[in-house]
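Note that chain A is present in both complexes that follow, paired respectively with chain B and with chain C.
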Partner chain A sequence: MTPIGTDEWVAEAEQRRQGDSGPLAPLRRGLMRVPPVGRLALLVAGAGLLPVLSDSTFVVRVGLNALLFALLALGLNVVVGYAGLLDLGFIAFYGMGAYTYALLSSDQLGLHWPTELAILTAVLATVVLGYLLGLPSRRLLGDYLAIVTLFFGQAFVQLVTNVDRLPLPGGRTLDLTGGPNGITGVDQFRLGMLHLRTVQDYYWLLIVVFALAAVVFFNADNSRTGRAWRAVREDPLAAGALTIPVNRLKLLAFAVGAGTAGLAGTVFAAVQLGVFPANFTVTLLIMVYAAVVLGGTGSIPGVVLGAAVISVVPEILRDPDLSRFLFYGVMVSTLMVLLRPWRVLAAVLVATVAFGFAIRGLVDWVWPGELIEAGGGGGKVADALGSWVVMTPGNVLVINLAFVALIAAVLTLTTLRPAVRHIGLPAVLYLSAFVWENRLVTDPSITRQLLLGVILVVMMNVRPHGLLGEPRVEIT
Partner chain B sequence: MNAPALVLRGVHKTFGGLTAIDALDLDVDDGEIVSIIGPNGAGKTSLFNLITGLYQPDRGSITLHGQNLVGLAPHQIASAGIARTFQTIRLFLNMSVRDNVMAAAHGRTTAHLWQSVLRTPVAQREERQVRAEAEELLGFFGERLIGYRFEQPAYSLSYANRRRLEIARAMATGARVLLIDEPAAGMNPAETHEMTDLIGRLRDERGYTILVIEHDMHVVEGISDRVVALDHGAQIAQGTFDDVATDPRVIEAYLGLRTAETK
Partner chain C sequence: MSLFLQLLINGVTLGSVYALIALGYSMVYGILKLLNFAHGEVYMIGAFIGYGVLTAVGGPAAPVVPVWLLVIGMVVVAMLGSGVLGVIIERFAYRPLRNSPRIAPLISALGVSFFLQASALLLFTARIRSYDTTEFISLGTGVDIGPARISLVRLLAIGTAVTLMVALTVLVRQTKLGRAMRATAHDREAAAMMGVDVDRVIVATFFIGSALAGAAGVMVGLVFGRIFHLMGFVAGLKGFTAAVVGGIGNIPGAMLGGLLIGLGEALAAGYISSTFTDLIVFGLLIAVMLLRPRGLLGTPAVDKV
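The block that comes next holds the complex of A and B.
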């Protein structure tokens, strides 16, 4: 029902807000009912259990990566989520922190500063850099800011790749950054009496740093400054007319975000024992943005969840059984969200299964004995699927053609009327299962990126405000 | 007689070849309600933009209680005591009603980011105080913006409530002079009537000095101590509502020359 006296789009927005449904809704509501301190305690306890439960260095390294991502996402969230500045040079600050720490703690310049001092200097240097980038950027709006900061991010990578032969007076040259080979042999952290050696040690350290950062950003969000940031994001002109110094707050957001990334960078340099230009490319920037957007721009629990998903999912997808589980899980849950009422969903699923057996039977009849039974990954699920999906892993041409046909079919499907679409859906679903089982499941390097992309596309269509974000309205 | 609060002398502003404001003088006394009228394009909103620092005047002076405002940034002018609303409402749509008002208290609060992060007693006390003030301010508008409304995002408000919230937000800056741009635009007769009352109450109960742009002549008649008519950026008449409404130049500006002659 449209409430009387509200504009149409308000009513629409409210409907979307109320329509907090889908398979994850109860979980989400339950999570948001826990007070923030409780949520953080739960998360820290959960993260702290990881090294206890698993002595695999790989698992802890994935966890460490997730924490680094979470820290980056928290920092980016201040700039993008609170102040609404599209900063595409963010990763340069991560690199600045890492490189500054590496320069102060390696044989590159022969400096081995105390860890605390090196970290502090690196963070301060990054904050100053963030401030300096902010100075010319604060008058730029939207796309223009994005272009300038993107350039800055690229310039940083080019710079560290090329200042390995700085000319000095007297004809000598200075190798500052090691060029494309980076800086190796970076010192590990020595915090007081503690010497951090293993991945586990850094994991513990990062849990503490992350928890502190979460508290800091939560308090900042719920403060005078946080409100002013959001006001600047919503309407800079109105914010200025209401006593808010817009430019100063933009600079502050830039500096705070940069400092956070710088801090994450120092840990990264120490745990990797080196820094390389290739660590700070646009790919990483996109991943951090994906984490923030996926989780919910402006929401602290959201971006942390987004960071966890973005960093953990590609690792899970290395295992064919797990990736298969995720593939069919995403497929079915997408259908659950998109196909209503449930009768349509049931009909499509039944039709897909029947279609599969029919095709399978047909192929068996025409080319008896040509099919290989077992699926690519093995296991019970694979066996069950093997009697449904046509398996011809050797027949590369057919599979590749099927892949192209699948893409064409999906695109065609989106242009059709719903009724027609429902009829075409079983065939397309079967085709995608065919492509998946024959080609993709055995090739994690392609599959990971593809699945992650699909998850993001589906997410952005179903929940444009992210997993835990607040729905926002955009008008101009 | 009251002392002049806002004084404009010879304010001039051109955009390319177009003269938006032409050597304008204007005095607004403490506690006075002055209406600015004039046809579309007469320069009313440009005048507001000049006073609030969105535009810089080419010539002339603007002072508030003797303090020069020309050259100050918008947020400095707001902190000096002039707050405004916008013709096209510009709320912080994705912030709650309460946060909209609390955000506008930025200029008269002092907690630094590090104080908020550490939750120092000073920052906490200020936060509580600003929140209480915001809720008290929203209570000025009756039942409409309080209670469950505090937590609602501004985008969920009706049009009339958005106008009210914009006024509440301007009040929260601590300014003593309010510039209200077309408060009754797009409102039904009942809401228009209520807005007229509200502007009167702003002055009578809270002591604000008010400069208001309005097209609805019932509102102008109902609230104005004095009316200033603009056309082509220049003042063509000023005085009581009756004086200005019967001024031939005003009628000409609104209706054209021939109509004015037959009157």
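The block that comes next holds the complex of A and C.
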């Protein structure tokens, strides 16, 4: 209870202003002390080191995906972060850019436009599309916008999957998009004298594009337009009363976001040498949203961090040993942040280990000879785990039950008092290790989806402003 | 004429499913002003619960209970399960965010939807399952209407939907809970001041809405047979479209919208092209939003500051 005489709202606002807490606070404060130019230089230098340090095409490709992602997230950040419009058709613009470029520079229509012109046309086409989609949405409330755009994204995928037999006058049919097989044999970029051939080439190109986009959006954020966007985000009605052209700003944000996605799409089409409907599904949309939300909506460094995490983690998950390392690392470090004083932490960890050995021993005793050793690939960690976690990969029912029980247990834990929670924690940790080792490690794509969903929900509950975002004071 | 009648029957069946989904969307939106993106996934889980019941009693070929009991059991268990799921989602993903910026619960809902989809994939794998309804309800039974025929399954589905909708209308119009729901939808704070337990009303709304979606899931399983982990997404979109077309937050509107979307889809599939039905529904949505932004039965609301 707040004591009488204290204004609750003021107290909360104070708390929110100081809300720069949590594990990443020092990082954030340190980062903010560096001037923006320095931050960008830091990032570009870091990104530039990657192809120098590793000549593996795979690593550079992961980096390229991360950059593409960061570019997409930057664009989405303008729409969602600055202007506060929930645009769920964002990926359709990415697809539109990719398909336009592919149509203009492949044998599909027999067109091979100069790269510059094709890119320009693709970006313009997406901007116009974004503008057109924004038009009916202008008068819609925020939520209606979300659903119209979500439907639009769905419609886009369906359209490109199905317009491979367009009837033409004269009884012929036109194969516009190649249907589910997509368009292949897309031209690579030829910018002036430069012919971009390898993944490395595109990586360098994307660093440049990304840096330019970051500079533009950073300045836009601090400009008159950026302030107006924020005003529209916080309260469209009040913004309108202050003679801010609300509708025009919404459309502008929409078009800018769409254009950025379209640009990213052209690069994607060129580097993949083809485009397919399956590249532009809701999964990607959720991933970009997760990147923006994780890093912090409205914060450019945050969005970049989010994009890096979201695009690199799935690659790590592919490798059982790395993913195991990631899982237990994240688990232990989360506990270290959440459990204080350290005595509690130590007790919980010891209890978890003991609990594991007890369960493992019990299962061995009841069903002797049934268990197999954990961990493919060997290694000390895998060996240690083998005598700790119960492994029954074939037992689908048990694993499924454990998965459901894990969800239930975690949800229950969040509602309990801390003291009680600490008692339940070892069992839940062990259960999660069991589910992880038995099921999640073997299916990285599902694990990725689960993680994305969890990230969105948890971030919204725990830290809606994201890892590096500014906490917002809400006036209701 | 026979084709038209057949399409009409298809449309009404589909429409009653969409209407049931739309009701959940609409009720939640009416009370919380929240787009429950996870609603489609609740419907999908409902379909799987129904399948679970079917398998538990011996499978479609040899159920150990009479068929009427089987169908009722599937619908009831799926409704209970989905309802509980809806309440859990509300408790953990939406309630903590009730005073956050509007966009936060929307993103959280997106996350829940994605999580449920992935969980279903993990638990049930990507295999498409079939209720094999023809094994226990013969296709031949049905009622002839002129040259067309409504099979018993479809009749069952439509009947269930109508019953549930009547029950819901009575609940909202006549009972104390219904009055509390209407009051909360009208003005949550004022309702709380008048002694309405708003949290309880919201939980009840989520339970009822999700239970309706669960029933819709079982009906789809019975009529169309195939259920899989991705079925919720598009159905959720259609259900939401139905809610918007009818006027969101408006219960008769959701029923009307569902019926219209179902009919539109069936007729479009029959007369125009079956590949573009989603696009046609999308066009319908845009048209309604441009002409009547508050939906067909929605009343124009004045924005208060």
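Quick notes on this structure:
Just so we're on the same page, the second predicted complex is superposed on the first by the 364 of 476 C-alpha atoms of A that agree within 3 Å, B and C clash if a C-alpha of one lies under 4 Å from a C-alpha of the other, contacts with A are read in each partner's own complex, and residues count from 1 in each chain.
Here, contacts are C-beta pairs under 8 Å (C-beta built on N, C-alpha and C of every residue); 3 or more make two chains touch, one makes a residue touch a chain.
Worth saying up front: this structure is predicted, and the values here are computed from it rather than measured.
When chain A is checked against chain B and against chain C, the one touching more of its residues turns out to be C. Contact with neither chain B nor chain C is seen for A:416 once the two complexes are overlaid on the shared chain. By the touch criterion defined above, A:224 lies against chain B but remains apart from chain C after alignment on the C-alpha atoms of chain A. In the superposition on chain A, A:464 contacts chain C only, with no contact to chain B. When the two structures are aligned on the shared chain, A:144 is found in touch with chain C, with no touch to chain B. Of the two partner chains placed by superposition, chain B and chain C are both touched by A:237.
In the superposition on chain A, A:443 contacts chain C only, with no contact to chain B. Touching of chain A by both chain B and chain C, each in its own complex, is seen for residues 237, 472. Chain A meets chain B in the complex at residues 5-7, 10, 13-14, 216, 219-220, 222-228, 230-231, 234-235, 237-246, 252, 256, 470, 472-473, 475. Those residues of chain B that touch chain A in the complex are listed here as 52, 54, 73-75, 78-79, 83-84, 86, 90-95, 99, 102-109, 111-113, 116-119, 123, 126-127, 130, 153, 155-160, 169-170, 172-174.
Chain A contributes residues 80, 84, 86, 88, 136, 139-140, 142-144, 146-148, 150-152, 154-155, 158-159, 162, 237, 282, 286, 289-290, 293, 400, 403-404, 407, 411, 414, 439, 443, 446, 449-450, 452-457, 460-461, 464, 472, 474, 476 to its touches with chain C in the complex. Remark: chain C residues 29, 33, 35, 88, 92-93, 96-97, 99-108, 110-119, 121-123, 233-234, 237, 240-241, 244, 275-276, 278-279, 282, 285-286, 289-290, 293, 303, 305 touch chain A in the complex.
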